[in-house]
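Structures given as structure tokens follow.
In the two complexes that follow, subunit A is the common piece, with subunit B as its partner first and subunit C second.
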Partner chain A sequence: MMQLIGSVSVGLILSLLALGVLISFRILAFRDLTVEGSIALGGAVAGTLLVSGWNPWLATFIAFLAGACAGTVTGILTTRLQINGLLAGILVMTALYSVNLRVMNRSNLPLFKEQTVVSMAQKAVSPDLKWTIGRWDIPVQEVLVVILVLAIIGLISGIMYAFFKTNLGLAMRATGDNEQMIRALGVEVGWMLTFGLALSNGLVALSGALLVQYQGYADVQMGLGMVVWGLASVIIGESLVNSRQIGMLVVGTIMGSILFRLLVAIALRWGLNPNDLKLVTAVFVLIALVAPNAIDVARRKLSTLGKA
Partner chain B sequence: MLDIEHIKKTFHAGTPNEVRALQGVDLKIDDGSFVIVIGTNGSGKSTLLNAVAGSFIVDSGRIRLKGEDVTDWPEHRRAKYIGRVFQNPFTGTAPSLTIAENLALAAHRGRTRGLGWALSPSTKTEMYERVRSMGLGLENRLGNAIGSLSGGQRQSLTLLMAGLIKPDLLLLDEHTAALDPKSADQVIRLTEEVIRRDKLTTMMVTHSMQQAAHLGDRLIMMVRGRILHDIQGAEKRRLTPEDLLDRFEQVRRSDLLDETAASMLERQYV
Partner chain C sequence: MGESLKRLSFGFFLIALASAVLLLSEAPRQKPRETSLATSESTIPTRTMRVAMFQMASQPIIDEGAQGVIDSLKEAGFVDGKNLKLTRFNAEGDIATGNAISQELAAGDYDLVITLTTGALQSFANVNKQRKVPHVFGLVSDPVKAGVGVGTEPMDHPAHLTGIGTFPPVDQALELARRINPKLSKVGIGWNPAEINSEVSTKLAREVCKKLKIELLEANVENTSTVKEAVRSLIDRQAEALLVGGDVTMLGAIDVVAKTGSDAHIPTFTCMPGNAKKGTLFDVGANYYEVGRTVGRVAARVLKGESIASIPVEIAIPPKLFVNKLALKSLNGEWAFPDDVVKSADSIIDESGQTDKVTVVVAAPPTQNQPLVNLWQLRIVSYVNSDDVAEAERGLREGLKKSGLVEGRDYAVKMLNAQGDMATLNSLVDAAIADNTDLLLTISTQALQSCVQKAQGLPIVFTMVANPFAAGVGKSESDHLSNVTGAYGANDVKRMMPIIRQLMPDAKKLGTLFVPGEVNSVYSYELLVEAARGAGYELVSVGVNAGTEVLDGTQSLCDQHLDAICLSNSNLTGAAFPSVAQAASKAKLPVFAFLGSASKQGAAVVLTRDYYDMGLDSAQIAARVMRGEKPAAIPFFQSTKSKLYLNLASAQKLGLTIPESLIKAADQVIDK
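Right after this comes the complex of A and B.
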């Protein structure tokens, strides 16, 4: 039961990463690999600031800004210097690895007694306070953490939904949908893409900052495989809501992230070797990408066979 | 209104694929005139429209729009003055956005886009009325994704979008060429209506001799990156599709000759 609640918390925190991936991959149709660097950047910045005694909320916000800067760099590389989008992301991601080591001054930064957003919520009640449901004893502290994270995600996804309903947000969606059209309507596509990547990576870094505070340490390796992770959440979300409306996509992505985290927890519980996790995730995303097409083809073949 | 001064454009210069698309085009268009642009394939008629729209920057020459020198302006900046409909019905609209959202994007053409709601109740009502006046029955489907509509419907909406804020110049680039005859007729009818109602200054490229003869108050015919004929006033009103075919036939015959020889002969005999 504890594990279950923990999975929900982590799934919620990583849904910010997934929302970032939703913006770059789906809304802007830009394959952004910066994500792997910017989630660790968010963790590194927040962790370092917390160790230096900063206010946790402020530290988290600055992590968001740091991620936005990383996204801006990728955007400038690809729109102003005309570098292929994938390569621009790879360049920034690689550079960020060193930046993150510089920020933390080591490869792993544990948070012991530092006050974090998570510990602030936990301190509201005593660690011994437990809720008993059936045969489970659930520490109320853990429940508070879920509520806190839920509130943060609710707030941010609400802002994001509202943004995409404004004139500016609508222009951003159109940029990924039909570049020629939106340019003919007076939008500078390069600027819009850069702005979108800043938002996307800001969210990703925010996710990293919260994750670090939840798990109690920052690690320079924490970005590994995160693009695929985010993509898996987006894909699961899309099939859950089966809609292309922006509100449904946002809700679906959050649900997708939680569900994916739960699936992983269950798989590990059933004896999946943690070393195989990334392989399994990659295969899962591969199947999710190929299956709809393959099913379509198979269905068409079956129907022609039926006629013959 | 529009003043084009000897513009030139060569694509892939210095390579075997070099195309001298515009070889010195001069054109002045008055406020409120409706100019038809025709020409053989590769004559540079679409290139001329794209040069005006800013899809590329010309190699030499100047383009003035409403007295402003826009020669070096990028495409998105010129959008303030220019409404466009493209040949491909998919180019003019964003497929995964709804009809209402596409219209909302067009309602801010060339303007600052801020954090105001794109679809406020008042804009929704206005859009409903605008779409209803087109008579396509799309007003009750404003919440549908535009990608679910037919090419003709999308092209009609693109036309509506181009005129949503009155453009100083409307550019139509063979906007009925990819449609079935019935949809093409409908879009042309709508085009005439919009241009007449708002007295729009228009440049329209077309392949259809019918359209070229019957629409507009001026016609220019392009051949090999230059304007060969410029027909206006009473002469344009008398023009029939057959006259135009004759002129194309002349071009075809002179095309059989070498380019320089043709122009030499033309100077001597025409």
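Right after this comes the complex of A and C.
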């Protein structure tokens, strides 16, 4: 049971990262590698503030702002200084590594004793409180953590959905779809892209801040490989909902992230050698990419057979 | 709306399916472990007893005590979840919460309430005046002073309330100080009159001093910032030693007290265990785990039906002694530890500042080779994959066998490696826990931290950690998280300095690379800086963050007129060592390193931490846990073994002559 709850918790927390990637990768059509640095930045900022006794909610919010700053820098590098987008992301990601070391003043920051958003939720009940359903014990503390993270995700995705329905949000979506057209309509494309990247990396940093509070420590290397997780979630989510509506994409991405963690958990549970995990990850994503097409083809064939 | 739901339903279905698969493949719950010590079954009530344990705050000593209570209840046949429902309450230092908890405890249908600490005792006793729920207390300095109706005679207490008093053994501490320095005539004590506990120990100190004919000088403190001043005033009044009793204010600033004392060449000693690390000469304190066990035994008697009125309030102070030989240096007066004192110590810090553990490895437990009652499921969790990790794993596996346990009969072990991915690492730990793992063995700091966060009381034994204190799992070797223990060790930089001196008598300037991004590298680097400074070397350093920077970094080092490179350890420079060797050999600089594989790759002298050996040490500790010892009671073990590798070919090329004695001492010599 712990494993299921653990996977769902991490899936939900990383779905914020996936939503960030959704904004940059899908909506802005910008391949942003800043993500690997900004998730660690979020963790580093939140961790450092928590250790110096800040309110966990405030610390988490400031981590969001820090991530937004990182995104802004990438945006300015690429729009104002005309640096290739991929390169701008790499530059900022690399620089953030040193920034994160500076922020934490060390490479690894334990938070076992600090009050965190997660521990606040856990403290509501005793650690021994368990619900028993059939052969499973459900630790109520962990359920509270899931509910807390779910509430945060619900709030954020609600705000995101509402935002992309505003004029500004529509303009941002159009920037990714058809830059020429939106420029012709008098929208400052560079500014729009920068703002979008700030939003995206803010979400990523928020994800990092929550992850750090969940796992109990911040580490400067925690961003490693995170872009891939995010992309995989977005792609799995897209195939799940089979739609380009913004609301559907958001929900799909969250579902994708959870499903992805669950699949990883199952793979581990069934005794898969963790060394092969990355290969399995790639296979998951491949299936997610190919399956919808294959299903469509099969359906069409069936229907033509039916007509004939 | 309907359309959207239809589209989403597929995703929900898949998530539900995956969850179901995961849940159904979960191994069935294990039956609680049988305790071999279940004595006097007959008197154990057949129904489930409801017991509440209430503590006011989370402090290592309180948690140790709580663990002691649980363990001794178990030994008496009360197993949580079987015939005992133990609910724990913790006010986390908040008095208002404490009162709310007390209300709940009094109103709840408990067979027994156990309170730990004076605050919890007072809070609950106050609410419990009417209901008179059976109440056993522990971890209280002075039950009489607590004002709950306990009198000075052992049997003089309310009919529903008894327990164990434990005050800091000031008398033992003073007597020991007198033995260590028979001429001791003036002792200074700083204390905060606002603390009840402190008043108790100070009063006791006055009495004992009168008896021992020692003059006791007193100075009051109000808060930690006035401590230094108070200590100075004691020193000015010619105190020959400083005593710290059960005073939380003084203990909070114990570093300052010890430092101020040692600057004036006088020692500090305390009545709380675990301060020797911070520079005190010795600590005689109560062993709070043992105190907890005593409390648990009283609780078990009550649960078996004995009347509380007939159980006396006792004072129990099982002693624990910490000795610091390093602090002995530079003291005025005749301070020397008698041999029997050193022998009876639970932890010793020797002259070089290393902690000796008398308890570990020496004298294998008598139960050796006996099969365990149950098959233990062990999981080794590692964050990365490298030669060192493989060595540590080999050490763990062989150490388990050497400890007399048999794979398949006593334990099953599986290796989980996250290959450097943090999200995977978390999933691995989740998987291990869901797999009914009984004990986690961790390799590397990150693996340890992930396990600690998720383990929820599951025992963890770590290895290949340079500094567990920086990793946040303990404050000192004996004061650590109750479910975590293991072996650690950093580079033996101190042993390297004389070797460099011997081979290169004229050397003055050394250089090293370090990786700011690796917690272990920074720690090793800091050790090297300290050792180099201590040995009188100038140390130049360059920070690198990626494999490609190692060559550049080494070249820039070589341009700084070094005499030799003395490379502190890191994962990165270890992997990219050929670059270091290449640049150094071009610049004709010898390389001294701390990584085994570097020897073959051209380092003239390598002094490597023996990870295989550290794995053996950790496995020993794991075996003790499997045989029933509590991780909380097993101190962290500092692995001190290192191996000397010499590469004569490299040395010859640079014109270094390695003396025969060193070659003889080497564990491995490469000729050509």
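For this structure, a couple of remarks:
In the analysis below, the second predicted complex is superposed on the first by the 271 of 308 C-alpha atoms of A that agree within 3 Å, B and C clash if a C-alpha of one lies under 4 Å from a C-alpha of the other, contacts with A are read in each partner's own complex, and residues count from 1 in each chain.
Note that in this section a residue touches a chain if its C-beta (ideal position, glycine included) is under 8 Å from a C-beta of that chain, and two chains touch if they have at least 3 such contacts.
Given the structure is predicted, the values throughout are model-derived calculations rather than measurements.
After superposition on subunit A, the partners subunit B and subunit C are seen to fit next to each other with no clash.
Subunit A is touched at more residues by one of its partners, and among subunit B and subunit C that partner is C. Once the two complexes are overlaid on the shared chain, A:K165 sits against subunit B while remaining clear of subunit C.
Touch criterion met: A:A184 reaches subunit B, while subunit C stays clear of it. After overlaying the two complexes on the shared chain, residue contacts for A:R173 are found with subunit B alone; subunit C is out of touch. Legend: residue contacts after superposition of the two complexes on their common chain; A:G247 is shown touching subunit C, with no touch to subunit B.
Once the two complexes are laid over each other on the shared chain, residue contacts for A:R269 go to subunit C alone; subunit B is not touched.
By the touch criterion stated above, A:S126 is placed in contact with subunit C alone, subunit B being left untouched. Aligning the two complexes via chain A yields an angle of 160° at the C-alpha centre of subunit A, spanning the centres of subunit B and subunit C, rounded to a multiple of 10.
Of the two partner chains, neither subunit B nor subunit C is touched by A:P292. Look at A:D219: by the touch rule set out above, it reaches subunit C but stays clear of subunit B.
Of the two partner chains placed by the overlay, only subunit C lies in contact with A:M255; subunit B stays clear of it.
Superposition on the common chain A brings subunit B within a closest Cα-Cα distance of 14 Å of subunit C.
No residue of subunit A contacts both subunit B in one complex and subunit C in the other.
Listed in rising order, the residues of subunit C touching subunit A in the complex are 4, 7-8, 10-12, 14-15, 18-19, 21-23, 25-26, 28-29, 86-89, 92, 385, 416-424, 426-428, 430-431, 433-435, 445-446, 449-450, 452-454, 456, 470-473, 481, 516-519, 522, 545. The residues of subunit A lying in touch with subunit C in their complex are 1-4, 6-8, 10, 14, 97-98, 101, 106-108, 110-113, 123, 126-128, 135-137, 139, 214-217, 219-222, 224-226, 229, 237, 240-243, 245, 247-248, 251-252, 255-256, 258-259, 261-266, 268-270, 274-275, 277-278. Considering their complex, residues 53, 74-77, 79-80, 82, 84, 86, 90-97, 101-102, 104-106, 108-111, 113-119, 145, 161 of subunit B touch subunit A.
Interface of subunit A with subunit B (complex): residues 163, 165-171, 173-174, 177-178, 180-189, 244.
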